[in-house]
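Listed below are the structures to be examined.
Same chain, two partners: subunit A is paired with subunit B first, then with subunit C.
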Partner chain A sequence: MERTCPACGTALNSPLVCESCGELLEPEPGLTPFAVFGLEPAAEVAADALRKRLLALTRRTHPDFFGSDPGARRRAESNTAALNEAWDVLSDDIRRANWLLGYLGGPDEKAERDMPQSFLLEVMEWNEAVEEARAAGADTDATRTLTTLEAELLAERTSLVTRIREGLLPLPTDTDRLVELRRLMNAVRYLDRTLHEIAELRLSHASSR
Partner chain B sequence: MAYSNKVLDHYNNPRNVGALDKSSQEVGTGVVGAPECGDVMKLQIQVEGDRIVDAKFKTFGCGSAIASSSLATEWVKGKTLDEAAAIRNTEIVQELSLPPVKIHCSVLAEDAIKAAVEDYKKKNIKAAPATTEAQA
Partner chain C sequence: MPFIELDVLNNKVDGILGIDLGTTNSLVALWREGRPEILRPADGNGQPLQDARIPSVVHYPANETPIVGRNARARGIEDPERTIFSVKRFMGRGLADCTDDLASTPFAATENENGLIRFSIDERGETPQEISARILHHVWENAGVALGMLAPRRAVITVPAYFDDSQRQATRDAARIAGLEAVRILNEPTAASLAYGLDSKNHGTVAVYDLGGGTFDVSILSIEDGVFRVLSTSGDTHLGGDDFDRALVETALDELRERIGLEAAREPAFLQTVRLAAERCKIELSRVPEADLHVVDVARGLNWRRTITRADFGDLISPWIERTFDACRRALADAKLTPADIEDVVLVGGSTRVPVVRERVTEFFGREPHAGLNPDEVVALGAAVQGHVLAGGTRDVLLMDVTPLSLGIETMGGAVSKVILRNSPVPAQATDGFTTYADNQTGIDFHIVQGERELAKDCRSLGRFKLSGIPPMPAGLARIAVRFLLDADGILTVTAKEDSTGAESTIEVNPMHGLADDEVEGMLLESFAHAKEDFDQSRLANLKVELGTMLKACRTHLPSVVDELDPEARLDLEEAVAAAEAARTGDELAAAQKARDELERASLPLAAILMDSVAKRALAGKNLDEV
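Coming up: the complex of A and B.
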């Protein structure tokens, strides 16, 4: 990063705060989640290092340290929020992939929505299994079947996430691969919805006991 | 956001919920999904000659998605395949007074009709030459 701190002149490692003198900086608008951490867009992030960086920077930007000066406090709030938002995107494989796909000019889920009939039929079956278990109630065969289905869906999700991560290495630019990645992410979306429904049903069964 | 009375009516009393025999030659099946929200919709038509004589649907989704597909099954019954495929989502939006955030539900229903018609046509075009190929 070429910028230097306007207060002390030290070379900056973060667009949000000078780690040498503690000066809060006003970031340029439209910082990418990667740029917030002083990184270039990349398929993978080193999660442990990134978490340490988040904590180190938050110790410098936390609004509690700027209680007396309203202007500085607002800046601290907005810079801390920027850090948290960037962390949320970068630390989650799917959210990071989703951001990268947009950055690389890939289609969003509105532009690329075609899924194979066989897959959608499978999604119908998952939903029917959830519906059946909901009607049958707790401690029934239908509900026990759901536990098996949940394990299968979680395994499928793990394998989809692996394929998405591999598909981003190196960052693709050709349309076919970007479309393929969007389809994989769409599949995760359908899976997540069913997994969410199963979790909700389990909660309602637990509370009705 | 409030649902219109027509949406509530279809949601509370969905028409034509169920399934037709997917393997039947007279049945076309369309399954579509909305990746934005994970909704899935299955719409089936039973065809005699060129006319849709029965329709069934099953939708896992929000009230608007259920209402859109319920209405779609009502509308396609009695129509020819081409007439059914010509149904536009904007007509569904208008009939159900869907708000802008729910327009994608009507798109899903339009796509489901088209997919069912396509499936039926594919089945019945394939069926004829298949025998000739088998003989060849």
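Coming up: the complex of A and C.
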């Protein structure tokens, strides 16, 4: 559906602002993050192009440029916040996949939490490794082991993210595939939790040195 | 496009000031003629001050108006018990937050029911906001003196990036009390990056390392096509050059306590002497490899000295430098970068003049920091750039800043559900879902907090509000959407809405330790209401000096060329001189201004003849000095 700018009549590329005359628009409620950037929902987003688009649109909408008119400033605040919120979803592989899953009617984060026994045992091993390193302190074998573990987890995460992306190409509609994607994303959450703890532990080790 | 608008009729400058309200010193800048410029009042000889920094110090003489700035600092050395330094450390804080800092202030402090600190000074009571307002007002007056006319009342005021909501609000209140409008509270390292962007290339990933008198901030930015996008920020609001001084003070006191006794070593006047000796030693060490820590107390017959090398000093302050790197590692991790990704390091704040700090920063980032910017001035300059943007002067520069601390809601059991994560770009919005925990519950209390800790009690409380009118239903069925909107100024609005009935409740969050609007009105200091008169007084004084100079020139040159003037011009000039003499002894600003303008006009023929004769004599081969 083609929209045109109410002020200058130019065809619009963004629901937030007319890039031709600079008119701030009132977006219709319930815009998707993709729509905010003038995109159709898709598994992949070109990171570089997305960032350039964020900068170009923000140059048009940022409240700093609407200081004198309170009404326009409020609209600028709200449109720029919408842009930032959409950027937050689209710029991260997992957050984007998570949003798509909801959009496609797939199970939410709280569903499909039963992970395979073997995976859970693995998670327990990671946790033990982190606790050992925490107890042993900086510059110990336990902490050095953690570096190896971290590399393994990052590799596993990359392969999971690839599988999730491939699972979304083209956007699936059948329930089985959506359930499978949610399982994969729940596995990423386990990985991320351990990776986060390793990162925090490293910061605290660096700090106590 | 005009870069500076002069409102000649009202004798004032338009635009938006950039004010760096520092722990130790403050500074003001304004965008003029295509670039930001530090506003420097004239020194005793009529030259712009090289060091325009204004000490953030207020001195309270008994039964007299408080003194601010340089004079307050000078008086503070003689009379520390009536002087307050580093008031920024108390902004937006409660007593419990700053017991350490209170130990080193001379005034007794109490806390009101809103958790607001109030210092007792004689019969007077002053909050940190009022004390900061005195500093801001003094800074504003200085700007007017430098500009030669009324300075703008709108300002961008900088704060440490790691300041929380209460501390920002306190700064905003201080501006209002001072009669200024804070059009933006800007993060110091972000401001610095704007000045850096003007100075250097406008592309790349940059770290701003900002170590001031009392606070440390680090920000990682990506600069691309004039857009300054903050990727992450971290810091410590209780870490700075004051800590370096304190480390030296402790070194001295370790020995001096034995020499003069525990009691004597605790006296404020003596501590002040030691503190100044420490500061001198620190500054000296930035210049030379070793310096004396030298404490003299004539009354006690004490003359103690100890040589400190840069290595000694480095060891002493190492723990604090390490703490700055904790924050740097955190900021890098949040930006998903390593030190090798940083293409340039910008140093900000007086404490980065310390050579050992520079060395360690170079080591940490693996590159020499950017040179060429004055670390004392870069924040005020950047604030003036942002002032220019906000005044509508340019669209070439855009700042995309982030919120330094996460914002969330307390959930059952005292945990925090984070709604807007730290380092989210502002303006930001986010929604979180909540539900009821008891059957037929018709209302929910929301407690909004700021911080990174897991439990609400460990975070800073920003406010509470209640959503009522939820229809009775079994626990867990109500769907309540809580929406956070954080604007570019960092002001948070929270809306809670129940889906089935549309019951809605909204608050603009007013932080704890804050001032209510009527309190701010009550604090508008009387002298500030007379700011225009104060300004007129200083303007009048300047005009009288100028008239004096002009009259002297007329008297010197008129006799030699009097015959060459045509009689009408001569009469005109003599009348103008007489009027100027009269205005010089009078007290009327308008009369003085008119007399000055008249004298300038009437002396034009005289000036023309003088120029002419200068040219003739020069052509005749005479030395110009003889003219």
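Criterion: the second predicted complex is superposed on the first by the 208 of 209 C-alpha atoms of A that agree within 3 Å, B and C clash if a C-alpha of one lies under 4 Å from a C-alpha of the other, contacts with A are read in each partner's own complex, and residues count from 1 in each chain.
The working rule: contacts are C-beta pairs under 8 Å (C-beta built on N, C-alpha and C of every residue); 3 or more make two chains touch, one makes a residue touch a chain.
Fair warning: this is a prediction, and the values are worked out from it, not measured in the lab.
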Partner touching more residues of subunit A, whether subunit B or subunit C: C
Partner chain(s) touched by A:113 [first = subunit B, second = subunit C, both, neither]: first
First, second, both or neither for A:121, with subunit B first and subunit C second: first
Touching partner for A:98 - first (subunit B), second (subunit C), both, neither: neither
Contacts of A:192 with subunit B and subunit C, given as first, second, both or neither: first
Partner subunit C, residues of subunit A touching it in the complex: 55, 58-59, 62-65, 67-68, 77-78, 80-82, 84-85, 87-88, 199, 203, 206-207, 209
Subunit C residues within the subunit A interface of the complex: 183, 224-225, 227, 229, 322-323, 325-326, 329-330, 333, 386, 389-392, 395, 398-400, 424-430, 485-488
Partner subunit B, residues of subunit A touching it in the complex: 109-110, 113, 115, 117, 120-121, 123-124, 127-128, 131, 186, 189-190, 192-194
Residues of subunit B that touch subunit A when the two form their complex: 31-38, 40, 42, 58, 60, 104, 115
